[in-house]
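Structures incoming, each one as structure tokens.
The two complexes that follow have chain A in common; it is paired with chain B in the first and with chain C in the second.
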Partner chain A sequence: MKTLLWAERMKLRRSKIIWIALFSAVMVSVIVYMQGQFLFQGHRYVDEPGWFMTAAQSLGSIFVLPAIIALMGSYMICREEQGDTMKSLRLIPVKLSRLVGAKLVLAAFMSVLLYAFLFIITFSTEAALHFSLLKSAAVLNFLKIYLLQGICLFFAISPIIAIVAVLKKGYWISLIFAEVYSFAGLFVGMQNTARFIYPVTAAFCVSGYYESTLPQMITSILSLFICACLSLLILDRLNRKYNS
Partner chain B sequence: MLNLIQTEFLKLRRKNFIFLMLISSLLMPLLAVFYFGAAKKADITPMQFYKWSAYSYTSWIILPVVLGILGTMLLYDENQNDMLKQLWIIPISKLGYFLSKFVIVFLYSVLFMMITAVCSILAGILPGTIPLTADSVSYLFLKCFEIGALAPFAMLPVLAVAASQKGYILPICVTLVYTFLGFILLMVNMYVHPLSGMTAIVINDMPDIVMKQPIDLKSAFLCIGIWSIASIICADVTLRKRQ
Partner chain C sequence: MNDAVIETKQITKVYGEQTAVNRVDLHVRKGRIYGLLGRNGAGKTTIMKMILGLVSITSGEADLFGKNVKGNEKQIYPRIGAIIEMPGFYPNLTGTENLEIFAKLRGTTKPRAVQEALEVVGLPYRDKKTFSKYSLGMKQRLGIANAILHDPELLILDEPTNGLDPIGIAEVRSFIKDLSVERGKTILISSHILSEISLLADDIGIINNGVLLEENSMAALKKKNGKYILLQVSDTAKASLILERKFHTKNYSVQDAHTLHLFDTFLDMAAVNKALMLEDISVISSQLCNDTLEDYFKRVTGGEGIA
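Moving on, here comes the complex of A and B:
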């Protein structure tokens, strides 16, 4: 597994996808900052301490970042089929489920990295705008929210990425499905009970964006756990298919 | 040109996923059913219902993302299979090639919105949420056609990016960011981004929508026009360079 992870990391270094994903995070910050210029009761949104960090995380997590994470995961899986390198890998031999597993682990890491990068941008902007008004406890809380959101959102998206491994050229499906899946979270978030069950909004609950009681938190963790189990189940099925 | 469009249609027959994407047109009508069902409001007007099911998020988010993916897909498949060289040998005009893809996106967009309109009517009438009136139905179809016809022009910049790239990663990311930008700019300035401009045109004569300032249709059309012309020129130049 360690070797597979190393190999995947080396492959990613040659790819532009990381830079494009980081560019998306930068663009999310820029767009949300533009929205912050909107006047409400004589004040700009962005002048309120913490608004920018909250808005970038929530808007990005609904509209852009889930699809980017799904794109990264599905790209890593599909490139072996596209580049016709799967045959060579199977000759080594590499176990397919392990290979896809390594890709998923790396995608999870990339998801957290993307959120960490977004945090750095938003925190730097907040610090530049009103450093004296920022409290260290609040900043640390935001850091926790961002990092947990990164990993939880990955778990929510992971079944879609795992399905790509089965469908081979299904990265288009993964994209459209990830976008619709995360977009629907916007409306599910309005429902008090459903928001703790629906995986995308459950990620918001676990990260601490939504205030929740212990049972609600457990429900959300369970929802994400089911997503992770579903991905493993799909991978296991894939492995059996190849072995047979 | 007509031959190119016909060829594009023939190629579509092999792409089942394009037809699967039409399912996403059901999303907002379905959400509207749940939303108005949960709200349990009396006297819901057809306009209120259709605003939710067809005029809002479908045109702001869903349709642009679907069209961006469709455009990328149409252009990427030929790049991936190295078919462009053969097409240039025939020879095919670069602009004609790009515009034939645009025509497909245009027709798909109109079809997508017509399906949304039909689903909106069914989603409103079948549970008994709204009454069926000729005025509201004709207005819905008219507005859906308007959205379907304008959205491909607003998405031309993404199509130009897809034409300039061999891969699909960048055009897809651009689609997401571009759509998100258009959605956010609705509240800031409606005449900078083509998608916001499109919304300005669509909501111009819509009842019960109060704007801070009156909508300037000329600026909205100008915004879409400038971006469209610039995109077509860019796509033509990049396709010529790639020769």
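Moving on, here comes the complex of A and C:
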């Protein structure tokens, strides 16, 4: 597995997908910052400590980052088939289940890194705007929310990555699926019970963005666990198809 | 054959209603270069894919090193290097980086394996050019480098000179020959170019429309062709006895009851005709023929020939 992870990391060198992911995080920050220029009771939103970090994380997690995470994951899986490298890997031999496993682990790691990058941007901006008003406990709480959101959102998105890998229609399709899936979270998030069940919003609950009771937290963890199991089941089907 | 590295038994591949490969028996012997010759779409790639276990076999069996690939991949694949169709690599990586990935996944322990493989095919080591910017010929060379990276015993090369310029073709041909002669590698190579196969192969299989029409050694095929006297006589059995008795030659082949090929072209044709007629054998015709391998392949493939 260590070798496969090394190989997967190597394969991403000079890859445009990394730049797309970084660009999307920057764009989320820029758009939210611009949004923060609006006035509320005579003050700009962005001048309120913590507002920028909260808004960037929530809006990014609904509108942009799920699609980017899905794109990264499905790109890593689909490129082997599209670039015709799969037959060379088969002749090594590399087991598809282990190969996909390594890709998913790396995609999860990249999802966390993407959120960490977004955190660095938002924290730096907040620090530049009002460093003295920031409290270390609040900043650390935001860091926890960002990192957990990264991993939880990956689990929520993983069935889309798996479905796109099975469909073999090209990895760009995952962008559309994930966008629809996460956008629906905007409406589900308004409903008290459903938001702890729907995977995209369940990620908000587990990360600590939503205040939740223990049963609600367990429901959300269970929802994300089911997502992970579902993706593994779908990928197992792909593995069987491939082996036969 | 005991020394067969690859042996297929009546392998057949059916796609829907189309039979791509039909009951092919292939025998690739250790240390030899086997040329699989056929037109585009004849079934060469499908045969190679079936041998390697990349596509399922509809019926029949394919053994590598005496074992079926299915279930023995871990033992068999490290002993094989292969290029099937166009080699696939990661476009955002350089040739060296691509090979480093495959070397590490294969568990290649030799420290200079990548560098040596690139040197063999004439590609630069640690070059900055990414695979996406490679020419067709460079891609093909990198594919060959990947196939020989782990020093395999058997090479399966599907049209390895595709896209190469004439000098590149000659170079590839030369190192394939070296791999077989100097390092004792067994090589199965496919091509639709007759001259390429005839210059390289020790054994040859001619495939057309998914059927293996002939499998023979190149030496035997060459002997079958070239210059010969075509004799059409009333009785070839009697005629061959006379040739042996009076002209002390066994260098002929009986084609059918009335046709005989006499390969000792230095013999006096008038004397041969006279000797046959004296023994009451009617000579319908006798002529000097000069068949090339291409003529032969045309004949074998039903007149279609091979490029």
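One rule holds in what follows: the second predicted complex is superposed on the first by the 241 of 244 C-alpha atoms of A that agree within 3 Å, B and C clash if a C-alpha of one lies under 4 Å from a C-alpha of the other, contacts with A are read in each partner's own complex, and residues count from 1 in each chain.
The rule we apply is simple: contacts are C-beta pairs under 8 Å (C-beta built on N, C-alpha and C of every residue); 3 or more make two chains touch, one makes a residue touch a chain.
On a predicted model such as this, the values are computed, not experimentally measured, just so you know.
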Clash or fit, chain B versus chain C on superposed chain A: fit
Where the C-alpha centre of chain A sits as vertex, the angle toward chain B and chain C in the overlay (nearest 10 degrees): 90
Which of chain B and chain C A:Ala67 touches, first, second, both or neither: first
Touching partner for A:Phe40 - first (chain B), second (chain C), both, neither: neither
Which of chain B and chain C A:Ile173 touches, first, second, both or neither: first
Residue contacts with chain A in the superposition, chain B compared against chain C: B
Touching partner for A:Ala21 - first (chain B), second (chain C), both, neither: first
Partner chain in contact with A:Ile31 - chain B first, chain C second, else both or neither: first
First, second, both or neither for A:Val94, with chain B first and chain C second: second
Touching partner for A:Phe131 - first (chain B), second (chain C), both, neither: neither
First, second, both or neither for A:Phe183, with chain B first and chain C second: first
Touching partner for A:Met86 - first (chain B), second (chain C), both, neither: second
Three-chain overlay, closest Cα atoms of chain B and chain C, distance in Å: 11
Overlap of chain C and chain B interfaces on chain A (superposed complexes): 16
Complex contacts: residues of chain A adjacent to chain B: 16-17, 20-21, 23-24, 27-28, 31-32, 34-35, 37-38, 59, 63-64, 67-68, 71, 75, 82, 171-173, 175-176, 179-180, 183-184, 187, 191
Complex contact set, residues of chain A against chain C: 3-4, 6-7, 10-16, 79, 83-94, 244
Touching residues (chain side chain B, partner chain A) in the complex: 17, 20-21, 24, 27, 31, 34-35, 38, 57, 61-62, 65-66, 69, 73, 80, 167-170, 172-173, 176-177, 179-181, 183-185, 187-188
Chain A-touching residues of chain C, taken from the complex the two chains share: 52, 54, 56, 73-74, 77-78, 80, 82, 84-93, 97, 100-102, 104-107, 130, 146
